[in-house]
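The next part holds the structures, each set out as structure tokens.
What follows is a pair of complexes built around chain A, which joins chain B in one and chain C in the other.
Take a look at the complex of A and B:
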């Protein structure tokens, strides 16, 4: 990077950027083509496709989490709530009954409305909580997650309570696989585009120094609530898709803490605040679990904890962060999260 | 002619401590004014109030005829009031040019430009300001890797990017080596000559005397004196505040 900059003084960095971009685009297109051909291979069963679809779902959730956690620096510990809301809205709409005949909605509008509900609620919750700093925001979202799950559990009339809801079964694994592959590819492309816009750069400014960003004319509240709402919408969409494929939801499988933990870990392992990071990290994490930790049984949590330590100590910028300097590190995020990077000026800031 | 900035009775308390105690201050368009005072006299707090980073406990602020007393900071910036910070604020993980590109006049960024990329005219402006501030060769460095003096310059550049009509500079020369201080003085003079008003907080009294036509002195949150550099420096109350109490 440095030598390129001195060799071509005026636009060295931008040239290196565009070269890297070309390589990246080629690699992504190649990977996508491989994944698209996969179902045609002999020996790829429906259950393999289902596993891959679940992996794609995890990737999407991590990419969405990274929009607020990695780019904007707001560490959301309750992100899985949007997944559950999307799943439940879809399930409720599709399983509507009027004493007897099913009058449930068709899947596409139900899933889309589920995503919209998640996005609108995220905007409302974001408005209320994104004025909080660091741990307070994280805990507020964790609280939201737990509260929504309990509300769903006790609102039996609408949600089926603890028993849950059954959706009309429709099993077409290849279709879901292709659909999610296309959606995830679109989401990653969207994230990449977003990062290149002023909006994306401004999100990073908020992460780096929110008071400074606000002082320099960025409407930080509007931007961060917008991206938070989008993340809620998108995770809600994948929640709805998941509910449809799973044909059943109850509070404990729709609202799962581990979905948040996986998103956070995936983004960290791959590279916080990078576009490709959450994708790479989540895929690696997913296969570690499938292939290795499944044999560790009760010890898999220890393995996950050890991995976290390895990331913090040896890979603070994640796997992608090794080659892409545009992200941030776990340690920097931690400093900001705990407020140890804060400056005295911030104390006078009003809520 | 009405003043560009017109603050009346600005009062700010921290618990029992009155950091700014009913200060009146006005700045005309194109003026360069110095704000001096001993440590802890409330200069930075006054800046925080003027730029709306802090809420005031009483008083009012008008900028260019608009009452900004209850504005949010980004609204103030969009009206053309920029500032720098005593404790430097730059986006450390971003490069020098990215820092600059993020400091455009956001008031002119509608939805379409918000979702667009940095345009060539912004890029040209960044290049010419970086050149003006002797930062061109550091363009692609991480801002966090710059020296204190270079970061001060970058912060000034960021303030200028927004095409402000008034810039509040909080100790633009502290931690900067003497050669660079002279450069900064030149640059500020040039900026001011182009019509940008500047309010300058400085510990370096000579620097202020060289640059400013008018100086305001704060002591323990209140305005102690105001006038030309010479008038202020010969004012016994000012000498007492500076040398009597602590000895600068």
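Take a look at the complex of A and C:
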């Protein structure tokens, strides 16, 4: 929500657009300042900061997922694999042992190298799998996710196998909070900027008509793989940060399907393929879960499933679509309910 | 920049006959009346130019196809105007979100304020309260054990405040109070809550959460904050190799779980053993310890196998073990794995002289579920009420059990006793220290030597209670009896088990034959499991991501009929078929029809959501425990030498072949089948020649879900019946279908056989990690198949068409 800045610069009506952009920039900066001052408020404890840090991590993963899933239309069902790779690389480097005393790396280089490893692997895997399209790509990535988890599990010598690795505990919640806040803000700003460049437009062109884009001289393969690799790098970075804070990794907590599901849901709820969508969606989802669904015990996943269906069927443009200046998905929803515009072969059957 | 956008505009819109709602539904639409007639592209273009499509039912067009729609965000035209309402709405939305966050921050602080600080102190004159914190699982997979642990802690609170009169420090009595939070069985959450307990609730000491995984993270936070945590339900060795000074364990550590059992087995003459364990933290520690104790007892370990979490079927491991003919089987994992092991051993005729399973046998639930099949199985136990332990607090083990039962109306399980003992150890240490100062209490804990209802408690330098031996129970005639250690034993060990049968030496040829039989049997199961998925994808173009959940529902129906009325799953088949057909029909009308024309992502996500909902509904109704249905068609046929055919799987293969040929005939010969194929090939043309496409779709979906339900019913004696059995099956179905051809019956059969043989081969020929690799096999096969032959191995009802450019 830092940048509810869904403004994509477009030709025409530039004046209105730039005015809108100015407003959004101001709101974003204001929000960022509020979040930055938050730790100084009375009653904000370390655990609140930790919760917020986890939220920022989810936001970052959703924003990264949206780069490929939303912009290029390559729906990555295994995005959490980069998170796990970043986390594991960091953990391995930091818990290196040579006969006794720990000679592990310091955190910053370990985390950065973890992100680089994730980015490089993403480039390699993206190169191979981005030939596939639609559901085939999605499932190939899901397969990658499962395969990497099993590889980590059976390479016990390096990764600690199913038992996992323990990192030297270090706790400084405000530090991590500010670090992740800055990184997420930077990431969102970067996405915003990216969207306004030729590169960003080319990404969208890939989604809309890949053959057409190629015919216009866009090197689609290079673009796809580049953005995929960047998303892997960035998610790996947050994975490393998470591992450091969690002080413990094993295959089943570093590689969690839910992380991908949350990213997809956050992006969809907020507005797929928009800059602000994943941020808004993930924040809303996170607090919904924290505040309401935690009290619904076992039912919260059922509620989440229902919400997903409602979003997909009735709110296709997400929450960002609701505050869109040119009519909302709610008005469209109303029309669907009133029956006008029902599918021809079903007319009269719907309420 | 605008070039790609314009391209999109020109091809924007629905395919002919598509059901897109009124394209003029924008806010500035002139009239917004319904569009009845089929539209041409040109119509579309003009309507779109006149009124940008707004709020169509389309989520992002994830994939390019001729049917793609304009994307609501990227295909924007410049806004007609930017009213102040926009800004107001934006500001309102942002303010709401910010308010929510700030409000929560405030709430977080409020929640920290204790709601019941004085409750414990009422009725007695306490000098103050000693506040202790614990994160426990009230929801999630550890909900049951979490509740038991909480009752254990609360037993201590009630006893300390009401019976004992408060914790005594310097002659003054202090009330005990425990602040709880629900960690949702999640390690991240547990760590977070421990931080919250320390920061917001100001607890002076901590008690452990349930399970090693959660305790690992939680204790790291406690250590970093220098707060003592005493626990009884996280026993992994790795936790105590970190050099923490604030973590204490009253229970026996994982590596010693099997010690007493192995000692008595060795005394009875066991000479060889095999080990299988889930390669997560706790089972690995148990298995490593078991290997050490086995070697120390002079028992040779013939083979060690690991398997990943969420395994559904242990038969590959059991086949391998059967060939080795060990005296003792040692299996380590969690409760559900015990169901898998006993099940697979029975199904495949693996009968060692002794079976030691690390979690499960001490739980009466296992006997309820498996009946006499579990007879003779050994298991470790931390504590049983019949054990002969006694101490000045709570009295004897049976006294404690009586007190516990008077509070909670049920007898204590060992998790509860461990929790009470942990709290009691902390209590005693505080009294010895005479202060709540962390350093003093730590010293008191290190120096503690107490006899309790739970057994002796004294901590070594790691913080582990090494003075309490692990007990061993054996299921005898449906009763759980303690057989070791001698001090606590109430019955003698039964060994070797009745019905134990050795097998002869297995030749290489026999092994190959067995592998082929296993592979084909597995392939038969996969055929039945994949047919419905394949036909739905081929005919309707919908990827049914909830496929595995329909299998699961069918399996639960068969299990329920079996459990309630003792009906054999093979007998339930017609009923399951009918009910599932109805369910499929309803699902098609309600949901699938709405997503059928939309991009793959939409149907994928909707069905994925259906899967989540079904899983969790079933979990709420039936719990996540593994179940098993019984069939009379079980056991094995010995065909030649040591080669056997599993009977249940053989009959599943027969049904699979019958269903496949019936379906094939239906699609190729019957009028309805032909119309279904026509609808799959070209829907518009089919409609023009008078085929009722909607009916064809409804029939297809109903039949396919019916078949899927039948598959579930039939595998209910073979695979564990549980709410989360679906997703791996869906992924296998996807891999087989995409590999073999969408909607091809022959392809489904061929692909399923290939996958079955590959998995069986991996499991038999790769030592130790074969089962882990079999999990990945389907994906590797899929990728290889897509690269080598992107159009699918068999000709299906619609092309596979997997490459982007």
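Just so we're on the same page, the second predicted complex is superposed on the first by the 309 of 351 C-alpha atoms of A that agree within 3 Å, B and C clash if a C-alpha of one lies under 4 Å from a C-alpha of the other, contacts with A are read in each partner's own complex, and residues count from 1 in each chain.
We adopt the following convention: a residue touches a chain if its C-beta (ideal position, glycine included) is under 8 Å from a C-beta of that chain, and two chains touch if they have at least 3 such contacts.
What you see is a predicted model; the values in this text were computed from it and never measured.
Asks: Classify the contacts of A:43 with the two partner chains as first (chain B alone), second (chain C alone), both, or neither.
Replies: second
Asks: Which partner chains sit in contact with A:18 here, chain B, chain C, both or neither? Use first/second/both/neither.
Replies: After superposition on chain A, A:18 lies in contact with neither partner.
Asks: Quick one: classify A:306 as touching chain B (first), chain C (second), both or neither.
Replies: The second partner, chain C, only.
Asks: Could you tell me if A:199 is touching chain B, chain C, both of them or neither one (first, second, both, neither)?
Replies: So A:199 only meets chain B here.
Asks: Looking at the overlay, what does A:211 touch: chain B (first), chain C (second), both, or neither?
Replies: Both partners, chain B and chain C.
Asks: Taking the superposition on A as described, I'd like to know which of chain B and chain C A:166 touches: first, second, both or neither.
Replies: second
Asks: Of chain B and chain C, which one touches more of chain A's residues?
Replies: C
Asks: Look at A:219 in the shared chain and tell me whether it touches chain B only, chain C only, both, or neither; answer first, second, both or neither.
Replies: After superposition on chain A, A:219 lies in contact with chain B alone.
Asks: Which parts of chain A are in contact with chain B and also with chain C?
Replies: Common to the two interfaces on chain A: residues 1, 12-13, 198, 201-202, 204-205, 208-209, 211-214, 216, 220, 328, 332, 343-345.
Asks: For a test of understanding, state which residues of chain B touch chain A in their complex under the given definition.
Replies: On the chain B side, the touching residues are 14, 44-45, 48, 51, 53-55, 72-74, 77-78, 82-83, 85-87, 89-95, 98, 101-107, 109, 113-118, 137, 139-140, 158, 162.
Asks: Touching chain B in the complex: which residues of chain A?
Replies: Checking each residue of chain A against chain B gives 1, 5, 9, 12-13, 196-199, 201-202, 204-205, 208-209, 211-220, 328, 332, 343-345, 348-350.
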